[in-house]
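The structures considered in this document are given below.
Common to both upcoming complexes is subunit A, partnered first by subunit B, then by subunit C.
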Partner chain A sequence: MSTVELRKVEKRYGSVAAVHSLDLAIEPGEFVTLLGPSGCGKSTTLRMVAGFVQPNAGTIEIGGKDVTGIPPHRREVGLVFQNYALFPHMSVYKNVEFGLKMRGVDPSERRSRVEEALGLVKLGDYSERMPAQLSGGQQQRVALARALVIRPNVLLLDEPFGALDKQLRDHMRIELRDLQRKLNISTMFVTHDQDEALSMSDRIVVMSEGTVCQVGGPNAIYEKPNSRFVADFMGRSNLFEARQVDESNDARTLDAEGLLLNADKTQELNGGNAIVMVRPEKIELLESETNRDGSVTVGGKIMSSVYLGSTVQYEVKVEDGPTVLVVRQNVEDGSISAQPGSPVFLSIPHNAVYIIPQ
Partner chain B sequence: MREGYGSPWPHRALVVFSLLVIFFLVAPLAILVIQSFTNESYLSFPPPSFGFRWYREVFTSSDWRDAVGLSVLIAILVTPLSLILGTLAAFGLDRGPMRGRQSLYAVMISPMVLPHIVLGLGIFRIALQLNIEDTLLAFVPAHLTITVPFVVISVGASLQTFNVTLEEAAMSLGASRWRAVWHITLPVIRPGLIAGAIFSFIISFDEFIITFFLATYEQTLPLEMFSTLMFQVKPSIAAISTLTLAVTAALTAMLMFRGQILGGGRIVK
Partner chain C sequence: MSQTQGGNSKAWWLLSPGVGLYILTFFIPLAMLLVLSFAKFENSVTTIGFFFDNYVKIMTDGITLTIFYRTVQLALMITVSCLVLGYPVAVLMRRSGPRARLWLLFFIVSPLLTSIIVRNVAWVLILGRSGIINDTLIDWGWISTPLPLMYNTFGVVLAVVHVYLSFMVLPLFGALIAIDSSIEEAASSLGASPLRVFLTVTLPLSLPGVTAGCTLVFILSMGIYLTPVIMGGNFVLTLPMLITDSVRNLYNWPVASAMALMLLAAIGAMVLLSARVQKMVGG
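Here is the complex of A and B:
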């Protein structure tokens, strides 16, 4: 039995559908991320699960119980907001205790559970502080403790780290994921940051304009996007219009806007045309023409290079072909002369060529 | 002395001007307070002798005691009612549908700008019709018409800065809507509630024009002062004025320092 199940859920504002015929299930202990551009309906979906937004159609189940139409306070969900939403007139302790009080838990049990929850987020020593006396990261940890202490069926987080700086955000990701695994709590996480989604999730739900585009593990979403939109949204990619010009026993030869590529034949090609994706970090840059098995090598010219610290990003114009984005790890310390205008060779492995199903 | 900022004269002129304004505002009150401690049977400045004669007179006279009692009674009844009505109205305006919100707000606070003499006349007509003139049933609602707008404004301002996700957080933690408002919203907007309550009390305690229409035998403090003045100018007027001034000043000070005295420190965002 799924912890959360949405069936054909629909939410319209006026004539616009914020969420359209959405099906989604979260399994026990699973970490599911809703990912998509601004306005695609992530928050609306989350708020329907929490009970603050009523769907126009469809049903929502939590813990096997139909909760459509049941108010938020009887849904057993833990909610964490981007702006923390700590009660400013209550100490950290009182904030965390609030949910237990509302549930009529007796005082001695309250104390032990609050202390346990604050211990989980490593804020045991801060219980008498007021929220205004905490840093952003600490406030968000209190919010997490407050949501977890009631032992909800599902933890809902709407861009919880949006207000934190990058370093703290990276740190909180790890902390949240560890905590989630330890407690084995089903979690629905909303973000528009693909790195966040890739690094934390068991499954990612990519949304666009109120509908689900693709559901899958981080690996599947990144390596095998089912549409141009997902490929484009999930990190950098080279996308080419391609048509088949030759085929052998195990490979297809594709003409990608003038660049000849070999793709594994296991990939279906509907009709003669397709969009192919090559991730820029899978392309190798060579100084001289070297032919390798299972790769195609083509010559080109460096148009630009951008130094990004751990990686360097190049734009390479292929002779009589497209401009290709290449990202290399910054390990060689300048063995490729990065001057715009220098001639280079690109080595593209067959298995890096992915045909987007249409 | 400030140096290097050009001529000090504009600065000095400003100081002198401010002192003059303060003098003209405070001097009449100061003279009144000093005169109230005279031992003579007439008002003069400076008084030839000092004592508490007129304070004793005020505290022992049943007319004054009854007037103060009635004014306090009305203000004590008006304040909580005003707070409840004004707060409900402010919530309605804040949370209700957008359409018509502005005009509804304008209607609700209009008693603040309407001439009180017109309001008084209107309320007097209704009171006559209902046969409740000269009773609390008329005084309290009449005062409410002019105190409620102050609560609507002060609570409304607090609600505008209130972060509604706090209520949602409370509801997700198991609080019904009512409990969320009671445990979270009301405590957070408390400074606005306190301001509204103090305004209501002071305004009701001070009210003259509308009460004047409604009262015949019953006398509130402002009415009693007025009718005393009509017959004779005795130092007891100065004494009662000084007492009123003291109460009003204390409440206003509470209003100004409510953050420190009643709010337990400002809430920092």
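Here is the complex of A and C:
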């Protein structure tokens, strides 16, 4: 039985559908991320599960119980907001205790559970502080403890780390994921940050304009996007219009806007045309023409290079072909001259060429 | 740095008209009141000095103290009525869209746009012995003798609340709109019913507005004069009426000054009290 199940859920604002016929199930203990550009309906979906938004159609089940139409305070969900939303007039302790009080848990049990929850987020010593006396990261940990202490069926988080700086965000990711695994709590996480989604999720739900584009593990979403939109949204990619020009036993030769590529034949090609994706970090830059098995090598010219610290990003114009984005690790003996205008060779492995299913 | 400081010290001069006006209209009259309240008034002659006669008189004549208590009581009734009636309006304004909000605001503030005389005469036409309400109810045969809707405390409170409601609603609305609604949603998702969300989150967080509104309305209500004259018809006496009487009919400025300071003391006490409440809850 799924912890959360949405069936054909629909939410319209006027004539605009914020969420359109959405089906989604979250399994016990699973960490599912809703990912998509701004305005695609992530928050609306989450708020429908929490009960703050009523769907126009469809049903929502939590813990096997139909909760469509049931108000938020009777739904057993733990909610964490981007702006923490702590009760500013209550101490950390009172904040965490709140949900237990509302449930009529007796005082001695309340105390032990609050202390346990604050211990989980490593804030045991802060229980008498007021929220205003805590840093952003600490406040968000209190919010997490407050949501977890009621032992909800599902933990819902709407861009919980959006207000934190990058370093703290990375740290909180790991902490949340550890905690989630430890408690084995089903989690629905909303973000528009693909790194966050890739690093934390069991499954990612990529959304666009109120509909689900693709559902899958981080690896599948990144390596095998099912549409141009997903490929484009998930990190940087080279996308070319391609058509088949030759075919052998185990490979197809594709003409990608003037660049000849070999792709594994296991990938289907409907009609003669397709869009192919090559991730920029899978392309190798060479100073001289070196032919390798299972790769194609083409010549080009560096148009620009952008230094990004751990990586360097190049734009290479292929002779009579497209401009290709290449990302290389910034290893010490980087023998490639980064000067724009330098001639280079690109080595593209067959298995780096991915045909996007139409 | 020194540049900006120099600029700032020059900017202080910009305050001088305001400060001047303040001294002229607040400190000088206050000082005059203080001096006069300790003067002696005998046989229509005022002698400046340090006498306690006026204070002894208002404490012991039996009537001043009674009317002072009634005035405080009336002001509290008006304040509480404004709070009870105004809070739901402020909540409604917070929940409305911008258009409806503007209409509500206009509706609440509109009594301030009419003159106090016109307003009170209108109330007489509505609430009077043969006003619209009594006439209609008698016509329908629901009552046989007119209801006492005015010339009593009820009439005065109603007419004053009508105007002062806006001074309650505006600070309340300001406090409510400042509450992040996700805080209430958090409470709700933690299992609080709408009533408990209100009692444990919304109400405590709106207290700055409650104390501001109550202080404002109380101060204004301690000074009502014309409305009790018209709506109370000499059945409802307030300290400002007594002060006016002392000055106009008895020419006794010293005793009037002592009464005015008494009024001021009550207002001061209210301000301190609300600051106290504020501090207790707000931390």
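Structural remarks
Just so it is clear, the second predicted complex is superposed on the first by the 355 of 358 C-alpha atoms of A that agree within 3 Å, B and C clash if a C-alpha of one lies under 4 Å from a C-alpha of the other, contacts with A are read in each partner's own complex, and residues count from 1 in each chain.
Heads up, the rule we're going with is that a residue touches a chain if its C-beta (ideal position, glycine included) is under 8 Å from a C-beta of that chain, and two chains touch if they have at least 3 such contacts.
Predicted model, so just to flag it, every value in this text is computed and none were measured.
Following the overlay on subunit A, a clash is recorded for the pair subunit B and subunit C. Contact with both subunit B and subunit C is seen for A:103 once the two complexes are overlaid on the shared chain.
Once the two complexes are laid over each other on the shared chain, residue contacts for A:77 go to subunit B and to subunit C alike. In the superposition on chain A, A:126 makes contact with neither subunit B nor subunit C. Within the superposed three-chain model, A:229 lies out of touch with both subunit B and subunit C [touch as defined at top].
Contact with both subunit B and subunit C is seen for A:88 once the two complexes are overlaid on the shared chain.
Across the two superposed structures, the residue set of subunit A contacted by subunit B and also by subunit C is 50-52, 71-75, 77-79, 81, 83, 85-89, 98-99, 102-103, 143, 146-147, 150.
By the touch criterion given at the top, residues 50-52, 71-75, 77-79, 81, 83, 85-89, 98-99, 102-103, 130, 143, 146-147, 150 of subunit A touch subunit C in their complex. Per the touch definition, subunit B reaches subunit A in the complex via residues 163, 165-166, 168-177, 179-180, 183-184, 187-188, 190, 267-269. Taken together, the subunit C residues at the contact with subunit A in this complex read 180, 182-183, 185-194, 196-197, 200-201, 204-205, 281-283. Those residues of subunit A lying in contact with subunit B across their complex are 50-52, 71-75, 77-79, 81, 83, 85-89, 98-99, 102-103, 132, 143, 146-147, 150.
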